[in-house]
Every structure is written in structure tokens, then in C-alpha cells.
Amino acid sequence: MFFASDNGSGATPEVMAALARANDGYTRGYGADDLTARVTAELRRVFDAPDAVVHLVATGTAANALALACLVQPWQATFCHRHAHIAEDECGAPEFFSAGAKLVLVGGAHGVMDGQALANALETTGGSVHGVQRGALSLTNVTEAGTVYTPAQIADLTALARAHGLPCHLDGARFANALAATGATPAQMTWQAGIDVLSFGGTKNGCLGVEAVIFFDPAKDWEFQLRRKRAGHLFSKNRYLAAQLDGYLQDGLWLARAAHANAMAARLAAGLAQMPDIHQTHPVQANVMFPEWPAGTHDRLEAAGAVYYRYPAPTGREGARLVTSWSTTEADVDAFLSALRG
Amino acid sequence: MFFASDNGSGATPEVMAALARANDGYTRGYGADDLTARVTAELRRVFDAPDAVVHLVATGTAANALALACLVQPWQATFCHRHAHIAEDECGAPEFFSAGAKLVLVGGAHGVMDGQALANALETTGGSVHGVQRGALSLTNVTEAGTVYTPAQIADLTALARAHGLPCHLDGARFANALAATGATPAQMTWQAGIDVLSFGGTKNGCLGVEAVIFFDPAKDWEFQLRRKRAGHLFSKNRYLAAQLDGYLQDGLWLARAAHANAMAARLAAGLAQMPDIHQTHPVQANVMFPEWPAGTHDRLEAAGAVYYRYPAPTGREGARLVTSWSTTEADVDAFLSALRG
Amino acid sequence: MFFASDNGSGATPEVMAALARANDGYTRGYGADDLTARVTAELRRVFDAPDAVVHLVATGTAANALALACLVQPWQATFCHRHAHIAEDECGAPEFFSAGAKLVLVGGAHGVMDGQALANALETTGGSVHGVQRGALSLTNVTEAGTVYTPAQIADLTALARAHGLPCHLDGARFANALAATGATPAQMTWQAGIDVLSFGGTKNGCLGVEAVIFFDPAKDWEFQLRRKRAGHLFSKNRYLAAQLDGYLQDGLWLARAAHANAMAARLAAGLAQMPDIHQTHPVQANVMFPEWPAGTHDRLEAAGAVYYRYPAPTGREGARLVTSWSTTEADVDAFLSALRG
Amino acid sequence: MFFASDNGSGATPEVMAALARANDGYTRGYGADDLTARVTAELRRVFDAPDAVVHLVATGTAANALALACLVQPWQATFCHRHAHIAEDECGAPEFFSAGAKLVLVGGAHGVMDGQALANALETTGGSVHGVQRGALSLTNVTEAGTVYTPAQIADLTALARAHGLPCHLDGARFANALAATGATPAQMTWQAGIDVLSFGGTKNGCLGVEAVIFFDPAKDWEFQLRRKRAGHLFSKNRYLAAQLDGYLQDGLWLARAAHANAMAARLAAGLAQMPDIHQTHPVQANVMFPEWPAGTHDRLEAAGAVYYRYPAPTGREGARLVTSWSTTEADVDAFLSALRG
């Protein structure tokens, strides 16, 4: 009954197998190996983006912060949701990598950026030399609230940014779950919706630790490579990052794994919906949910062996964050629901 | 006949086995797992340093730059060898992580810092507000020239730094090779010789990508953790970094692997020494060497399938860097020598 | 009829005279001159703080950003009012000088930070390695809304910060106006109210360009000096910064100058209060005010020669920012009121 | 007998008069005043550069560091002389303003960069992702050794940099003295010799504290303005910076003032040359010299009231740095020589 995070799961069998395959023999270092080339080609194919620049790093924070540093100058601002991972959960990585660029926090219910709020923030930023200038837009899909943007919603927000000439970044730590939830293609969710650079997550959906940064415009290729090296994020044995994605992308299994995680969340949410005293803070659309329940429930669940994060519910009741993953089983879900029923 | 770098080798069987073992089940993220705790305890035991702070990162550049950022203020300088990896091969990572602290480059033959040159550099740095201030000393063992400091040599240099109150860092990307070459214990080579923080390399000696940063003084623990997170170097699935070191340290195999690499280098050097036209630019003391040979040799060796880096020899002759590793075989060495003989 | 800003005024006669006096002969550079020593002693006397560290810079942004950089680490946050000068009008200087520390924006009506909002912000910042940590509190007096904190209000807010161990900064670009408005002594408004470091403004109240940074705890003296030099804010001919404050502080004229500016604002506000269609967005307590008036007023005033900033009024009516200074005359005020009456 | 530095002198009468003139009435802030416009136009005329971008700051370190930050990326290097002011006397300002770009130190006798050494440094920097990349060239005229580049020498060095596509900066803290020494025009010494941006010094030659940054290519205008504001170097009362240059440039007096300083240095050097035991470490070409003399001389001169910096002479004898300025008199020089004779 582990629902603390999808990063608490192990790696999928196909990822582990790819890793073992990649361990054979000698290769050139720093990404000049055949496996890195193959994975690059495969991602270009998956995204229908033959000119995309693809580089691998090991963590989501590195992917986001390096990508954004290529988009904003130190005296500019990145517009992001008030509860974005880059704002709340990266210990200031965007500021560090960008030499001090600001984040301008934009509101919106259920983790989804409000278009009017973004328009206002864009309008009141920049212009004179006294304030920071408009730099970039960053969205997250799946959002921190577990909700999912459709490609059309993303396109609406990026259009506002583009009207001011701003480039747009998508934090896709749970990108596969967002695709599985919407049925959108990778291209539809990204460059066709106005996204210039994507943090394509692998870690949470069954890798050990790998994210691809995908620039749909190749202009930033060399700058990114220099920033990655300078930040200590260039692996000498890059084949082991590539190998993870090799296994991840194999036979489209990455989408199947995410669809499974979403299905387990739906099963869990359906069970919770049956219980009169339990309410979801946000709509459940992918593999993360935030139920609220009566006082005493936490203690009871934990005594039964459930593992998850306690979360402050806006209503003051007991709140929880529950996350399913590729390895969550129906039995896990049912045991949790059973423990909840008491 | 791969002698390009020890980072061109794969991972050892014991490391791969540990990785597979670690893949089982769920764990808490970000280093709060049992395997991380076990590896921490094991490194403390290996270093006879029960209070040491141990944190894992995936690359040597991250280890060095994060460690140094904890030692120097932005207006200070790190003293390092003119050809130190931090000076020449990290694309300015020390400056990035430290918010602009300088490196003061100190000379010394064969990659070994000269004591008098260090004393002079220390003497002429700092004091008035106009120049940067003395910050830290950083040494590298095995050096970039393939030579090895003894613990006594390290102690002499750290004593000069400590006389000015400076902390001392050791870049141990090939730390195991240095120990194997000198017979020193981990403690003798580090805290007993005046080292405050070590970048303990795993990647080049048979891991996939892991380095431990070991602080012998625990005062910087929390600062390091915040800097690591902020730099995107905290792994959510930290168990996979820990697993590598678990396999690496198992049964003292890490030292045996390094001793093997050194032995292969010694065999190679002995063979080269037999050839009248070949000269070593630096003494061969561990697993890296820089031979020089007559014009035309490069083409001949590469035609025979040898892989290594061409390197400018100070004499203007053809120069090479040859690196052996845990996976180099006697047959590799002999084939290389045979190709060289023509 | 110049009400655009108090920085549009010239320097007072006594400041100009002090500058001329200081121009005689040779002095040691970089603050090692007698005049700098004299001004330092005088400020210590004025603040009843014999151990205070005093350093001069030429701009308010430099004073604020250098002071804050001494208080916060790059992975920490400064808590400030949502509309603080450091947040809105310094083009990211706090982020630049601190190597990327965040500002956490706290609300509060009329430019005055709300205690409960600060308490909440403090409560929800820091703790885990994932977010930035609590760093410092920064207040502004006179506030950006033209209102004034009493010493007791400052003490209440600094007490909240100190409960978390945080140091406290006061942006006193209009410090003299705040003292004149409240009758508080310099000591009461600063260290006796929990302030650790003050940006003591001279520029807006009749100097050419000088601010003193006053640390009531001397521990940061050397760090500040290094940061100032490194940022290009150490004047070789420091006597000309000191001379300005020498003239400024002479015979307590600085407070009289500020009291005059406040009195001119009060006269202006009293006149405005007589006009039925004019409303003040914020209480008028010092020398800055934000009146709102009917459509068409701007054009009429400007045609009559009035100079001031148009400002968006929250009600959607025409809004203005009017600032009086040491050189504003009753005739200026009366002419403005007369133009307004039409 | 003050020869410690030209920054120990006061301001010229014409500069003080211009300051007094500028103090009249109200002006718009932040450089939107008429005086700033007039000085900008005058500098464009002086440099025969009608499109030049001109911005004012108060210190030489600010001018240099802001200019260079516009030329180099954080992962690049600025090539400068080993003893450049930016390398030795700015406490790391170039690194701070550029977010950690390196300085690559280039040798050359008597403060003059050696062309071959620059060519070598350019050749061995950049290329692979592992090292920092080539960024910019920075020269200083008058050099730190008191010697002077001719326009032809500058052109030779900038040509080497331009062959790699690098922009070129000139630190002209003593630019007027360099012109006076060579007879070159401002245009000949700068853009006609390949200089893209100049730090045009005013402080050392009779201003209170002002330097103009002059970009001969206007592309960096807005970036510079944002960097200046963000660094706290934009003056609200910018008229007082402009006023200094207004007085400085009046009637070509700036060049006459510098020629006088050089003439006083020539007189001093001629007197020293008569004394058998005194040797100049570097050729005397402008207003700074480095004589060496027998042991005991320092004590004797200082007892007689001479003020200057003791400097380590390369020969181990007593060394001094003597600087003349616009206010040095023949009587000062003769008194010094007389004291030296004993």
C-alpha cells in the first residue's frame, strides 16, 4: 500500500533489461555513443520532430532549470503557476541556473493556470528599466494538483505568452500520464500547442533516473550543452541514461505504463467516491489525487500499513496526497480502500 | 584495445548485481532509504570516520563543484593545480556553483602542486579589499598527469593552506587508484593528511555514475544538502546511486579493481619502456599515462583498432593519453604493444 | 509644480557647501579619509549605536541589495511586502546580489505588511530540502504607499521574524520622512525595534546620491566591504560620498528638511480633501500620496504645467502619485491646487 | 608631495562649477534629463561616433564589469593581461557581474599584452564542451605598469581576437593620459583600432566619481541599461554624473589636464634618472611610474612627508608606485626630488 510517490517505485523490467544490455563493452563518453544516438532518433520520431535537439539529464529539477536558463536572461521573469514544482519544490534551482531570474507566480484553480491571471501578469511585468522583464512561460502537465491540461488549454496559454514574444516550457515530469489521460499525441501536447522546450520525464514512470530535455527549435543546442556540462549534469557514461530511455520507449510501453498508473488512480478514486465523508480537493484526472477525510483516518490507515503524504487540506480536515504508479496493483488499491472502510 | 578513458568501460558485475537487487519494492525517496543509510555507514567505516557526512551525486563535476561551493565564498579563491580538472575540464563549474569565486592556478611538475608555488600564491592573495581573498585548497589524486601524491605530500600542502586557515578538498575521481598505488589507507590519504572534504569517485572504477562527497567535518551537512537539491543533483530514486556504491564497496572489491587497472598500466608501461623511441612525459604511477612516440605512430595504431586520445606532447612529437581500467585485459595490453611494434 | 519624485529635486545648499569644502587637497582613497571617519562617528552618535558599522554607497538599490546579500544565503528567502521597492523597482537586484535568493511577497493594506500574512508566510517556508529556507525580513519606511510604520509596528513584525531566528532589514530611502512623521528617534525606529541593518537614505532628501548602510551588529563588516568592492560600489574618492552626509547631517537639518517635505504634503492633502471628487487611495502620512480624481483631470493639470506620475488607481479612475520634497514650496502646492480647481 | 594615486586628488574647478550649475531646479530622474543628453551628444562628437551608446556610472569597476558582462556568457572567458585591474583589483567583479565567466590571464612585459601569448591562449581555449569558451578580449590603456599602447598595438591585439569572432573592451580608467601620451584621437584609440566598448574614465583625471561606458555598436544598449539598474548603478539623480563630464569635457580641458599629469610625471622621471641608484621597473610613458631605490629610501621620503605606495620591486630592492595627477605641481615634484637627494 505504497502511495507516497511514483518515485518510490522501482524501475520496470524493460528498463532494467536495457540497462543490462547497455553494459556490454566500451563506448565513447559524454553522449558520443550509439545508444544515445538511437534514443535521440527515437524521441524525434515519437514527437514527429526531426530537427528537435534532445539531451539527457538524470533529474527533473536539472531538466527544468537547465531548459529555463536557456530561455530567460537574469533580468527577466518566468511566469509559472503559484504551486509549480519549479516554484515550490526545487529549492530555488531556476534562480540558481538563470543567475537570478525571477519567477512570477500566477494563480488558477486546481493547479491550472488561469488565462486572465496570466494576461494580467504579462501586462504588468516589464517595460521600464526599473522592473524585471518578461522572459518565458512555464507550464506543468500533469499539474501539481493532479489535473491535466488538454492541448487546447496549453495552446491558449502559450498564445498569450507568444503575443509578447515569449518562449514556452513544459515541465513534463508526468508527461506520459498527461498523454494517457487526454489521448493527445506527444506532438499535439507540445510543439503543436506552442511549447518550445519540454522536460520529458522518465523517472516517475519506471526509470531509475532520467529525463530528456527536448528543444523543438535547435538554436539553443550548444548553449544547453555548455550549461549542462557546467552544472555537472553531463554524464561521462551517458549510455546508462540513454539505456533507460531505450527500455522506456520500447514498444510504446511507456504509454502503457502510464495508462496503468492512471487506471489504478481511477479505481482508487472510484472507491473513495463511494465513501460519504471523503472529498477530493481537486478533480482526479491522472495518477495523483488529494482526498480529504475525517479526523482519525490518517492514524488508522498508517496503522494498517498505508504509506502516503499527509497534506494540509484547505478545509482544515485531514488531507492526503496519494500517487499511483506503473507498479501499483489492483490489490494495493483494494487493500487501501478496505483499510479505509475500517 | 580501448584506452581512451576509464569512463569508457562498463560497470562491474557486482555493481550491476547490486543495482538489480536494489530494484525490488518501494522505498522512500531522496535518500531516506535503507540502502543509502547502509552505504553511508559503510563509507564511514572504510574511512574510519564515524561522524563523516556522506552524500551521493552522479558526476565528478557535481561532486567537486558542490563540495567547493561549501568551502569558498564568492569573493574568495580556490588554489588548485594549473591543470586541475576543476580548472580545465568542468566548463567553469566551480565558478558557477560558488557564484563566481576564482580559481588561482598553481604550477608544479607532472601534475603535482609545487609547495613553494602554493606558498607564493597564498602569500600574494587577499588582504586588501581590492583583491579576492584566500578561500580553499583543492588537490587531485590521481593527478591529471597520472601521477600520485603520497599522504605525506598531501599533508605538506594542506599544512600550507591550514596555516592561513583554509579548508582543503581532494578530487578523488581516481581515489581508488591512488590508494592502490601507494598502499595508503583511505583515512591516511584524507583526514589524517589534512583533507576536509573528498570527492570519492566510483564512476571511473566500475560504477555507472556515482560519486560520494564525504565531509570529515559535519558542519556543512545541511548547506550541502540544500546546494545539491538546488543544483538538481538530489536523486528522487537515490537508491540507485546507493546501490552502485553498495556493489562497489562489497568485499573490498573496489580496491582490487583499481589495483588491476594499475597493474595493466604497469604492464603497458613496461612494454613501452622496451621501445627505444618511446618516452613517457610523466612518471607512470597509476592507470593513466602520456607516452610520446615517433610521427606516424598514431595512424598505425588507430588502423590496428586502438582507441585513445591524441594529446599534444610538450616536445612536439606525437603524444597520447592511455588509460587502463578495471576491465582492461592483459590481452588488450599485449595487442596494443604488438600493434605498436608493427 | 514638480511632484514627480523627491529625486527630481536638487541638493540642499548645505550639502553643496560640504561638497565644496571636501574638495580641498589630497586624501587617501577608498574611505580611508578623515571625512568618512567623521561621518561614521556622527551617524553612530545619531543612532546611539557606538559599535555600528557604517558604509556608504551612492544608490538605494545598492544599499538594499548589498545589505540583504549579507543576510541571506542563495537558497533562502527574504520576506517583503508585495509592493516593496526591492520587489518591484530594482530589476532583480536582490536576486543578483544574493546569487539567486528568492523574495517571498507578503500582503498588507496600504503598503504596510500584515502580521498574520507574514506569520503564514514564515510558517509555510522552509523546513524540507525541497523548498527555499527562511532568510530575512525586509521592511520599508516610509512605505511604497506613502504610509509610515511606527516603531511599535516594526517591532511587532521583527518579533515574528526573530522567532524564526531571522535578521531584519529596513529600507529607509525616506527614513528621515518616517522619523519626521512619527517623532521617533533613529534608535527607536531601528535597533530598538529589532532592525539589524538599515539603508539610510540621503539622496531623496537633498543629497546628490548617497546612502549609508548601517549594521547595528558589526559581524558583517568585512563581508559587506568585500561585497561592495566586488559590486563596483566602493568609491575611490569616497570623500565625496561622505561630504554629502556631512552636509546632510549638519545641525540636524536632515530632519528639518524632511519635516518640511511632510508639511508640504500635508498642505497638499488638506487642499485635495476639500475637493469633493478627489479621494486618497492610501492615508497620507509623509511626503508621498496617491490621489484619484475624475477623468480629464490629468490632461488639465499637465496643461497647466504640473509634473507627476500617472498611476493606475484601483478604482479605475485617474490616479496619480504626488511627491513633495525639501525644495517644494507653499507656492508650488498652492499653484497645483489652483490648477486642479480649474 | 602626494603621489599615492591620481584618485587622491580633488575635482577640477570646471567640474565643481558644472556640478553647481547642474544643481538648479527640477529634472526627470534616471538619465532622462537634458544634461545627460548633452553629455551623450558631446561624447559621440568627441569619438566621432554618432551612433555610440553612452551610459554613465560612478566607478571604474562598475564600468568594466558591466561592459564585460554584456560581452561574455557565463561559460566563456575574457582574455586580459595577467596584471589587469579587472584581474587583480576588482575583488572578482568580472566574475560577479558575468555570473561566473572566467578571466584567462595573458602575459607580456611591462603591462603590455604579448601578441604571441594571446594567440596561444586563444588557441587553447574552447572548442570542446569540457572547457570554457572564448568570450572577449579586454585591454587596459594606460596599462597597470604605467605604459601606453599605441593604436597600432591595440589593433594588432584586437585583430587576433576578432579572428575568433570576439568583441574587444578597453579599460580606459586613464584614457585621457593614454591619448595625451600618444597624440592619438579618441576614435583612433578605440573603434578604429577594433575596440567595441570603452570604459572612459573621468574620476582619476579630475572628476568626483564618474565613468562613461561607450558602446560603439548600439546592439547592447537595452541589456546594459537593465544590467546597470539591476546592479544598483543607475543614479536617480543622474544629472550629477552628467554634470561632472560636462565640466570635464568643456573646452577640451580633459586632455589638457591629462597632459599636465603626464608632464609632471616626465619631470619626476627625469629627476629620478639623474640619480645613479634609481632605476625604473617599467618605461615611464604616462602618469604612473615604478621606481626602485636603495634600502632606507622609503623611510627617508616618508619622514619628509612624501605619500605613495610601497610596492615590491622585482629585484628585491625597495620599490614604489608614484602617480601624478592634474593637480600635481612642479613644486610637488621638485620637493620630492629634493627629499630624495637627502
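Each chain gets a letter, A, B, C and D, in the order it is written, and its residues are counted from 1.
As a working rule, a contact is a pair of C-beta atoms (placed from the backbone, for glycine too) under 8 Å apart; a residue touches a chain by one contact, two chains touch by 3 or more.
Bear in mind the structure is a predicted one, so any value in this text is a computation, not a measurement.
Farthest chain from chain B, judged by C-alpha centroids: C.
Of the two chain pairs shown, A-C and A-B, the one joined by more C-beta contacts is A-B.
Centre to centre, using the average C-alpha position, chain A and chain D are separated by 51 Å.
Chain B has its Cα centroid 34 Å from the Cα centroid of chain A.
Chain centres here are Cα means. That of chain A falls 42 Å from that of chain C. The multi-chain contact residues of chain B, meaning those touching 2 or more other chains, are 74-75, 90-92, 96, 99, 129-130, 226, 229-230, 234. Within the complex, the chain C residues that touch chain B are 30, 73-75, 99, 129-130, 133, 223, 225-227, 229-230, 234.
Of all residues in chain B, those touching chain A in their complex are 2, 4-5, 7-11, 16, 19-20, 22-29, 57-66, 90-93, 96-97, 203-204, 208-209, 226, 229-237, 240, 307, 327.
Residue ranges of chain D in contact with chain B, taken from their complex: 74-75, 88-92, 95-96, 98-103, 129-132.
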